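Below are structures written as structure tokens.
Okay, so chain A shows up in both of these, paired with chain B first and chain C after.
Right, the complex of A and B next:
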């Protein structure tokens, strides 16, 4: 069944692709990340209220920010441990 | 003042999260099939160049530069996704990789050719850890240098103020452009090169050149004698009580 709202459908696909791309650097491996990401999106498949879909997209954007922060902090801490031992 | 022309040299290195393995013949690290990415200190320098522009400092151009194997293109694309305007890639095969002096000589030619007036480098690469290129480049050009910057600001009169963290405090340096800056870990928080930005970066200009285009033919001066793993860490000892600890410390000559 195709979505009733093509614009929202496009937005959902876009954020999914962006999140999928970020999984390449995930510390626990791409497979771990991909299955969980897919499950998270799949569990919301029944939603057809536009407001709820918008809220879902917002949540995905939030998760994206969190993952970016995770990558930054992980790298920062590793490098600090390696180079500034004091 | 016409806009600044910033040069940001970057290096493709073994990813920081991978565990390097010494090859069988003990001549180097096994690089085949290992994950590579941009040197983290170079990400800081790209980010700083982009932030200078975002802080309304007149920046005419941010040029990313890399000398390395064909795959170094990937890190240049990442740099352009983060905000560099265009990039130059000098193709150098893995087996005759440049040494810091060679890189500095090459960068000098690039600076002269591109009329750059600010060079922002990572303070060191996480593979060779030489931490020499920036200083050598400043020496060759006869420019001012500020190493391991933890904050950078540029005033309208081309005065650059750089703060650096030193033992027991901070040191503030002031110098006129042109100058060379190398970045420290706490300078900024590099942004993530997102998928849409990487796609957009594919449209940006990436020039391919060779060492011959710059009239350089660097001989390797250093000889790698041997590459070995660091000795494994020795485990600690558990003691029963205070007396046990004191006798153990005496035994080890610590008391």
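Right, the complex of A and C next:
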């Protein structure tokens, strides 16, 4: 991994960090999230092609948006449940 | 006999009560010079470290905190290899992603933010300790102008 483009490497590590940070409030727990995230990144470790790495980063950005959406949905559902209780 | 004892203890309690009160709610106007002296002993402030004081983090303390952090990190299975010189990858068997996690934990532990480039250069406990100690809070920090 060190042999590849350092700029891309930083980008990958940054998005990894951001995703880790977002997993703090994951509904199934941080441990669950962290192991999954690690596995997902680890499975892509053989990629050398810069284009493919860029595509991977794009995918990571997409996943980040998905997680964000998940949180919003969870909040929405919780609030709706509370308001409809009475 | 019993009645006098009771009376005495009640009188003592009455006498003690206002003393307690003054200790809890200190009057704004000091009642006597003697009392004022009692409240503020000279050594009181020495236990408090001012925020502006330098050299807050000693190297040993930093090392201890990082070791504790690594001990609690679940990917580190072999704690016997954990010492101040251990390398994250070679000794502890962490990959580069785990290293990112460790650096993130260190950032949180010391409430600082390590830039990407410097974070990428941290590969061992010693490097991490050196980096933290070189920070403005640490011992080896360059003196402020």
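Just so it is clear, the second predicted complex is superposed on the first by the 81 of 86 C-alpha atoms of A that agree within 3 Å, B and C clash if a C-alpha of one lies under 4 Å from a C-alpha of the other, contacts with A are read in each partner's own complex, and residues count from 1 in each chain.
Rule of thumb we're sticking to: a contact is a pair of C-beta atoms (placed from the backbone, for glycine too) under 8 Å apart; a residue touches a chain by one contact, two chains touch by 3 or more.
What you see is a predicted model; the values in this text were computed from it and never measured.
Within the superposed three-chain model, A:55 lies out of touch with both chain B and chain C [touch as defined at top]. With both structures placed on the common chain, the touch criterion links A:17 to chain B and to chain C. Judged by the touch definition given at the top, the superposed model places A:76 against chain B, while chain C stays out of reach. In the superposition on chain A, contact is made by A:38 with chain C only, not with chain B. Residue overlap on chain A between its contacts with chain B in one complex and with chain C in the other: 17, 21. Contacts from chain B toward chain A in the complex involve residues 16-17, 40, 126, 185, 189-192, 194-196. In the complex of the two chains, the chain A residues touching chain B come out as 17-18, 21-22, 27, 68, 71-72, 74-76, 78-80, 82-84. Listed in rising order, the residues of chain A touching chain C in the complex are 1, 9-10, 13-14, 16-17, 20-21, 31, 34, 38, 41-42. Residue ranges on chain C touching chain A, taken from their complex, read 74, 95-98, 100-101, 104, 116-117, 119-120.
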